[in-house]
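Written below as structure tokens is the structure these notes are about.
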Amino acid sequence: MTVDLKVTFAGVDHTNPIVAASGTFGYGKEFEGLTDLSALGGLCTKGISPKPRAGNPVPRICETAAGMINSIGLENVGVEGFARDKLPFLRTCGTRVWVNFFGETFDEYVACASALGALAGVDVLEMNVSCPNIKKGGVEFGVDPPVLRDLVAACRRATKRPLVVKLTPNVTDPVAIARAAVEGGADGLSIINTITAMSIDARRRRPRIATGFGGLSGPAIKPIALRMVFQVARAGLGVPLSGIGGIASGEDAAEFLLAGASTVQVGTQSFVDPDACARVARELAAFCAEQGVERVTDLVGALED
Amino acid sequence: MTVDLKVTFAGVDHTNPIVAASGTFGYGKEFEGLTDLSALGGLCTKGISPKPRAGNPVPRICETAAGMINSIGLENVGVEGFARDKLPFLRTCGTRVWVNFFGETFDEYVACASALGALAGVDVLEMNVSCPNIKKGGVEFGVDPPVLRDLVAACRRATKRPLVVKLTPNVTDPVAIARAAVEGGADGLSIINTITAMSIDARRRRPRIATGFGGLSGPAIKPIALRMVFQVARAGLGVPLSGIGGIASGEDAAEFLLAGASTVQVGTQSFVDPDACARVARELAAFCAEQGVERVTDLVGALED
Amino acid sequence: MQYVETQLSENVRLAGGYFVLRIGGCTHVSAARPGQFVMLRGDWGRDPLLPRAFSLLRMAAGGVAEILVKTVGRGSALFEHAPPGARMFVLGPLGVGFPAPQADKRDLLVAGGVGLAPLLFFAEQHRGAPIELIYGARSERDLVLLDDIVLSGAELRVATEDGSRGVKGLVTQALEERLDALAGGGAAVRLLCCGPSAMLDAVRAIARARKLDCLLSLEGEMACGIGACLGCAVATRSRPYRYVCKDGPVFDAGDLA
Amino acid sequence: MQYVETQLSENVRLAGGYFVLRIGGCTHVSAARPGQFVMLRGDWGRDPLLPRAFSLLRMAAGGVAEILVKTVGRGSALFEHAPPGARMFVLGPLGVGFPAPQADKRDLLVAGGVGLAPLLFFAEQHRGAPIELIYGARSERDLVLLDDIVLSGAELRVATEDGSRGVKGLVTQALEERLDALAGGGAAVRLLCCGPSAMLDAVRAIARARKLDCLLSLEGEMACGIGACLGCAVATRSRPYRYVCKDGPVFDAGDLA
């Protein structure tokens, strides 16, 4: 049985629903020779800011049970460096190019959306709103519905590209946050970013991450991510969802599709196995074939409950 | 080196900081012959409601990466059954008796606090506020600061026993919630309860838990729990904290103490190894000895950051 | 009773994806009765987190516990690849096993898949008692340990869905035929059954229709195996819920709700 | 390059909690140079989640990769207990190794703990070159593979903190003494060092003071080993950060910030 894996997400067609998650796939080039990049539905870059950033001091990562914490500090080459050094390669990969971006201020977000949206070869803009809002005492932009709505609306006005908002899971009510993003004009939602977490070295009496807190990712968070995707899907906000969190197999991907996502992103698993995205795509195809699912889109939201 | 493991929590002295977490240790009796109950600092019972409850349909549990989801449905013998059939044994265990309780309404909470608080042999009352508030459309009592403050205040008036409030982690701002509980009169805070989560059987296209959502526990959530304990500890609310979430070893316990907890609870690990609580207590003593820590209380909040 | 750390002695590959784990150092389980189970963990990290329940296939000399496993998920796959010498953690014996044969009854054991394990144990333990074993599988290559069954002295009948061995059809058809053949439609028969849940349901229906004593060994989602997590609940007539790990895994079919 | 699934051939226990894993089926790593490393995972679930980096000790005939491990945490403990036949997943060779000996320089290798591995590999690979190895440990029983070092032809000096073997004192004292004894304070010497970070720092300071070429093999928190996670950053003079897995693990001491 041949399975049709094609999906359209935020108006952009993808050869399959598997997208490499931001910050876990470098700028694509890092995985050349380690996997077949054209086997991916899409590839999301490391988060880009207006200016280059050197990132946080080490230690930046530590392992936890079935997961890891990172505080890379959004190290990136900046908009210009990206356009000059990274995008040309990405355009040759035979996969959809998602560009993740962020700012430290409202204006930086808008500048980034505008500049990146103007680059040919950028298929989808993904807005990372899990960054500390300096004006509001460092609380994430993404936790306050009115702030988020305005921020998304401003970015929305700055570009015509498909604009996907990546939600933070560190909230009481993900649906309220999702609704605010959609009201602001989001074409899709990515769910979820990392969960704020901490690890302590009891012998050294210090946090294992230089910055104290970091973001938890990996299989450990999958059940939380799946719950949030399902909650938002059930709210019927009218935009497609990209499910993220601990996906490591085709069956994991299918679970997110059933919960209501129409693309899924593979993050931490690419560290465990650089071929993970392509393998998940293969396994998803095999899963569909085994289950007699002709079009992968038939899985989307097909959970019986 | 002999290590002094004694702690005082909410005015009650404990032989060591290790408490068996609610819902993971039955009513104590289940572990007779499987571990030395008198080696525990305390033992928290399954959550008690005014009337007995049969609990949820099966499947009630499923495994996830380094964790599990449960939706037992707060099955319990009710206040009367507890006083008659369970408490007499608990009083003979040589450990502090924590009684966890909950209600479906405001009045049920108060009735429970009052009835349980009147029983001799109950050392600590632990209030589970992660239950759906039927009046508010099933949202947990514990996510709304004003509601929580009033609920705690009402229970506070109903009993003189030490009253510890067990916080839900499903919130944007754990400090705001913690503050509300303390304003209501809590003598201590237990942090955290399970995180709302979901698991899907992709082949059967159904949630793996009969009720759809359930609570995630185990090592997977430890980094989130540790972060929340640290956040609340740093806020300096003036009440002691009991750290909970994925604790499986003496070193895990030490991490929570360093983050600011003065007792810790071992939950899911008792399913992996019925001797876990006693083992964690032994390992914590060995850790202190190795580190030259004379009094376990010296670890509390001693993180350098 | 505590988890005992020990080592895998042998990992015997059988047909059809089945294998037998022979675990040494299990003298603490030696007194186990057929139908009882152990909780088993391998030498892995915190994932899979929970131990797995396995009915005992037999207790061999020198404290070697044997269990019959088929790979279905993550835990069993890790056991499948565990080489001799791999560390194992074993708690048991747990639960309530099958009651011994009764003087006036013929025991008809009905087995499917890994459900063969406790029933073969029963047959071996009660050698000489009037025991028959009806063993069903999809196809001949899913049948395992046939020699052991024969050696146990149990009268063996095989049913395969594709007819590649024994009677063609479901094990329940073979059961009905056998009951029809027995005096009084098998009135002096007791059914002991372990296998997939569809099979348990079908056997239970037959027992109800023919008013036969029937004991079923159930599975259930287990976290602890010791009655603490309340995960393995099963609805019964005598109480709202009983627990597979404490009150079972063997239940009187008549008590199931 | 992909993770290759293979099996542990042998798990050789050495003194002091050290052991050597001999992993068959590693022809893909055969061309590895001393100082390069592999990412290794065992047959466990999703915890520990991440692979572990190990410098190669040597590549033996028939594609057998050898690594020297000491148990310090969860991953190494699982490897310690892995019996022959256990599944292993190996990615490599990764990173940049030690540059080959230079005609006009004497190589002084300074090793501590598992840091011996890449340096012994270097000595074996460059048999005949003027190589000396100064090997430090707390005590005699923490010294491993001494015979192999001698066989490699490297001139061996041992320093133990308790004086139970070789010179009493830290490895850096032995290094300073040796440099003093060499013509021109060791001006025609290149230092290659791998060991605990305190040792690396001390050797770096000596190299700086004496203006010697110095190459250090660093460790760092790694998730991926391929330059993707940006976890293994190390601050350098030439760029704000370089990465242990891509740009190292061997760095010119002069470039470290």
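In this document, chain identifiers A, B, C and D correspond to the written order of the chains, with residue numbering beginning at 1 in each.
In the analysis below, a residue touches a chain if its C-beta (ideal position, glycine included) is under 8 Å from a C-beta of that chain, and two chains touch if they have at least 3 such contacts.
Predicted model, so just to flag it, every value in this text is computed and none were measured.
Enquirer: By label order, what chains touch chain B and chain D together?
Expert: Common neighbours, chain B/chain D: A, C.
Enquirer: Report the chain whose CA-based centre is farthest from the CA-based centre of chain B.
Expert: Of all the other chains, the one whose centre lies farthest from chain B is D.
Enquirer: Hey, how far is the Cα centre of chain A from the one of chain B, in Å?
Expert: Inter-chain centre distance comes to 34 Å.
Enquirer: I'd like the Å distance between the centres of chain B and chain C, where a centre is the mean of that chain's Cα atoms.
Expert: Roughly 37 Å, centre to centre.
Enquirer: Determine the centre-to-centre distance between chain C and chain D, using the mean Cα coordinates as centres, and give it in whole Å.
Expert: Using C-alpha averages as centres, the distance is 51 Å.
Enquirer: Would you mind listing the residues of chain D that make contact with two or more other chains?
Expert: Residues 45-48 of chain D each touch two or more of the other chains.
Enquirer: Check each residue of chain A and list the ones that touch at least two other chains.
Expert: 65-67, 218-219
Enquirer: Select the category (line, ring, star, complete, other) that matches the graph of chains linked by touching.
Expert: Its topology is that of a complete graph.
Enquirer: Looking at the complex, which residues from chain C come into contact with chain B?
Expert: Touch residues, chain C against chain B: 1-3, 41, 45-51, 91, 220-221, 223-224, 226-234, 240-241.
Enquirer: So in the complex, which bits of chain B are touching chain C?
Expert: Residues of chain B touching chain C: 24-26, 30-31, 33-35, 54-55, 58-63, 65-68, 70, 72, 75, 218-219, 248, 268, 270-275.
Enquirer: Over in the complex, which chain C residues touch chain D? Could you list them?
Expert: Going by the criterion above, the answer is residues 43-48, 74, 78, 81, 83-87.
Enquirer: If you look only at chain A, which of its residues touch chain C in the complex?
Expert: Counting only chain A, the residues touching chain C are 65-66, 219.
Enquirer: Could you please specify the touching residues of chain D with respect to chain B in the complex?
Expert: Its residues touching chain B are 45-47.
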